[in-house]
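Both complexes shown next keep chain A, but they swap its partner, so chain B is in the first and chain C is in the second.
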Partner chain A sequence: MDLLLDIIRLVVSVVIAYVVVFAAALANIVFERRTLAFMQDRHGPNRVGPHGIFQSVADAFKMMGKEDFRPALADPWIFTLAPIMVMIGAVAVQLTMPYTKGFTPADLNVGLIYIVAVTSFTTMAILLGGWASRNKYSLVGALRSAAQMVSYEIPMILALLIVAMVVGSFSLDAVVDAQADYRWIALYMPFTFLLYAIAAIAELNRGPFDLPESESELVSGYGTEYSGMRFGMFFLNEYAGMTIMSMVAVTLFLGGWHGPFEDALVVGGVAIVPLVWFLLKTYVLVFALVWVRLSIPRLQVDQLMAFAWKVLIPLGLLNIALTAAVMLWVPRWRWGLFVVGWVSFFAFVGLLDPILKRRLRKQRERVPVVTS
Partner chain B sequence: MLAPALGALVEYADRPLSPSTVPGRRAGPTIHMTSEYLTNWFYVWSFIVSGAVLVVLILLVSKLVNPSHPTPGKLAHYECGIPPVGSPWSPFAVRYYVFALLFLVFDVEAVFLFPWTLVFRTLGTAGFIEMMLFVAVLVWGLVYAWRKGALEWA
Partner chain C sequence: MPGGDFHPFFFVVIAAWILICGLGVVLFRKIVYSAVSMVFCFLGVAMAYALLNAELVAIIQILVYVGAISVVILFAIMLTEVQGDQFTLFFNRQTVFAAPVAVATCVILAVMLVSSEMTGVGEASLNLSVRELSELLFNRYVFPFELVSLVLLGAMIGAIVLARGEGEKR
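Showing the complex of A and B:
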């Protein structure tokens, strides 16, 4: 009987993971297009359904009917394996996601490490897909993407380590528990949250870090030779990734499902109000992703790598040292972290721009601009 | 360094979580490694397999409904419309290789930092200094790579 319950629970969790991936991907595509249109003062897709909300459903059906061919010279197995692998990451991350009070599919005691492990499925899939296409644009796009994703994985891990230090556990349920009563980690460690957010945007290959598929340089990057539903899988993963990364960020830094009136409405053992808080916070972050993409122009490839290795990684290590020191030697360490976190946040935000601008000016002086 | 850290980690894993032992953690369920361990791995594998199964199903369905009219031109490689020149599977820029090497070093560092984050309060000042020495050695390596110009994208 217990086994049967476990199996039902497992099946329900898998179905929820599927639904989140598809609903998130389809919703995010419309959400992003409409939001960008709103910010650029134009209409955006508004024909299919009320306010165009069924646009991406129509696109999905269209993509289903498109011819899905494989280039003659491409590696037959790996070319198909790549789109399969890219979705494994998106589904598997949700195994440890605390959606709401009392519902986590499985609370692994190594949850944080597990998240790092399964999100790298995407990197592998992109690398495999680009290599297997046997196309120069694909290969360059895939290599760029892999270099970018491994470089930004380190600042991301360094930010996750801070969470583990403060909470004292890798389990995501413990992380959410530790953030009850509005002790959200982002509130007293905004600098760590900023580090994580920058690294997560780079991991998602989204603007301003969307070099792997910069259309002006690389046609369509690693996806150049993909068509039909195999391309659709990469596309879906990219947009589902927005929601999934935001869910991880909300769980780790913004208090997960915590919020007022947690026990107000419970249907069938599932608390509804925390679920609403969780989704609301997630979509605030998704909106922020769209906003950032619109506001900041794309980086150059050398600036991109330099930013990870020369700025984020040293600062991440410094942050760990500072956090450990505060937690060891300051009696009321939460307040200590609060002060350190906000000071370093404002120092970073305030100093980054002038420093980068000065470096750029120096670079321009070294390399004279050729005018005809 | 490593032996006390691992010892403390094992001790941590065997011990029930309670508010006094773990900062920030309220009273929660006791974690029994042995009984939950296999179940957890079963969950992990079923999620990974079901992710793959989903995509395979979608690709099969789309295979059934979509048309297939291959022509030599369609199956050729895209290279801006001209016939492809040479093989793309030729040796490639060493830039990416250097970054992959640096990544390996720092990823291994993260592996060592992960257990330390859970036990650094029990290890106290000695553990802090030792871990900072370890990090300093790696940062020294990063500085070396930086000075050597490995981080410049030339």
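Showing the complex of A and C:
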């Protein structure tokens, strides 16, 4: 009987996680389209429902109604498997998020490593999907994606390590607890947050790192041969990833559900106000993701790899060494980290642009100017 | 893990899963199918660890084997693959040597497991926290730990030497 209850609980929680992930993805699609339209001074989808909020529901039904088409040369099994696998990461991360005070579906004491581990399923699904399509563009897109995600995983782990060092635990609940009273990690370690944010955007395959599906070079990358709901799964995963990554960032760096009036409203044992803070912070970051995508042009492949291996990883390692030194030798180390964090933040932001521009100028000088 | 107790039923299911996927690795003719089967095999092993209350090992298993090694293997297969399905039969002349080795490994493992004094399944003593584990790893066992990193360094240098090719000056 006990066993049966366990199984029922398992199935129910996974179904709920799937529903939440799909809803978040659908909401994000409309949110991004409307925000992009607003920034580009046009209307965007505004016909279905008030302000077009049901647009992606309509799109989802359209996707499901499409013909289930598979290219003749595609590998039948793996072509089917890849879109199924792609959602695992998003759903699995969801199950460990501390949503509100005293409500974490599953508080693992290795939650930080768990997040990194399960998100790697997405890489594999994309790689398999691109290979199974038997299409040059798909394969190139998939290989690019895998290389990119494996490379940017390292700076991301380096940033997560610093959080674990400061908090002294891998548990997400402990991370949130350590950020009570506005001691948000991003406030005193902005540089680490910046490193994490860059790596996270690259992990999401979003602009300016959206090379795996750059339209002008690769049709649409690994998704080229997919259509209907199979394509829909890849698409949904990408947009669900926006919310998931933002949730992780909020939990690790922006204080999780902490905020003013935490105990103001409790309904049925669930604290509502912290949940609102959590979702509000998450959607501020989602908005930032859209904003970044629109503002920064896409990188080239060589620039992308060089940026990960020559810039982010050395800086991440240096950051770890500095943080460890400060924690070891400075008596009030939070203030020490505050100073180090903001100085390196401004140094990075200030120096990156001039250095890149100088390198670019040198490269141009080496190439002879062609006049017609 | 949340859920807590050890259920023999789950263990049987997971063991069967691992065995079936392992057979898949050996028996599939397409190398990508073998690789995918191996991924699921690794996942099964991770689930077994989780069932035995070794959260950290389970998650490291997923991180390293599923997230890194399998991706690199798939990457290598896709880069080197000859177009137009190359079917390779895994039962070849190596079977003569491989079968006795596999059987011997099984026997040795079984003897070791039966003869040694193992702690009971799912007991707290097995479940080291991250802190305890890292203290062991970086104090008492730091020498083997560093030795492993030396192996990795050797592999990296080897890979670079191989990738450079012969007579290439750079």
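The rule we apply is simple: the second predicted complex is superposed on the first by the 355 of 372 C-alpha atoms of A that agree within 3 Å, B and C clash if a C-alpha of one lies under 4 Å from a C-alpha of the other, contacts with A are read in each partner's own complex, and residues count from 1 in each chain.
In this text, a contact is a pair of C-beta atoms (placed from the backbone, for glycine too) under 8 Å apart; a residue touches a chain by one contact, two chains touch by 3 or more.
Note that this is a predicted model, so its numbers are computed, not measured.
Taking chain B and chain C in turn and counting the residues of chain A each one touches, the greater count comes from B.
After overlaying the two complexes on the shared chain, residue contacts for A:Ile244 are found with neither chain B nor chain C. Using the contact criterion defined above for the overlaid structures, shared-chain residue A:Thr80 touches chain B, although it does not reach chain C. Of the two partner chains placed by superposition, chain B and chain C are both touched by A:Asn109.
With both structures placed on the common chain, the touch criterion links A:Ala146 to chain B and to chain C.
In the superposition on chain A, contact of A:Ala60 is made with neither chain B nor chain C. Of the two partner chains placed by the overlay, chain B and chain C both lie in contact with A:Asp6. In the superposed pair of complexes, A:Thr123 makes contact with chain C only, with no contact to chain B.
In the superposition on chain A, chain A positions 6, 10, 106, 108-109, 113-114, 118, 131, 139, 143, 146-147, 150, 153, 169-170 are in contact with chain B in one complex as well as with chain C in the other. By the touch criterion given at the top, residues 2-3, 6, 9-10, 75, 77-78, 81, 106-110, 113-114, 116-118, 120-121, 123-124, 127-128, 131, 139, 142-143, 146-147, 150, 153, 169-170 of chain A touch chain C in their complex. In the complex of the two chains, the chain A residues touching chain B come out as 6, 10, 13-14, 17-18, 63-73, 80, 83-85, 87-92, 94-95, 105-106, 108-109, 113-114, 118, 131, 134-139, 143, 146-147, 150-151, 153-154, 157-158, 161, 164-170, 173-174, 177-178, 180, 183, 219, 224-225, 228-230, 232-233, 301-302, 305-306, 309-310, 313-314, 317, 320-321, 324-325, 327-328, 333.
Contact residues of chain C toward chain A in the complex are 1-3, 5, 7, 9, 30, 32-33, 36, 39, 55-56, 59-60, 62-63, 66-68, 70-72, 74-75, 78-79, 129-130. Within the complex formed with chain A, the residues of chain B that make contact are 13, 17, 22-26, 28, 31, 36, 39-40, 43-44, 46-48, 50-52, 54-56, 58-59, 61-63, 65-70, 72, 74-80, 87-89, 92-93, 95-96, 99-100, 102-103, 106-107, 110, 113-114, 117-118, 120-121, 124-125, 128, 131-132, 135, 139, 142, 146, 151-153.
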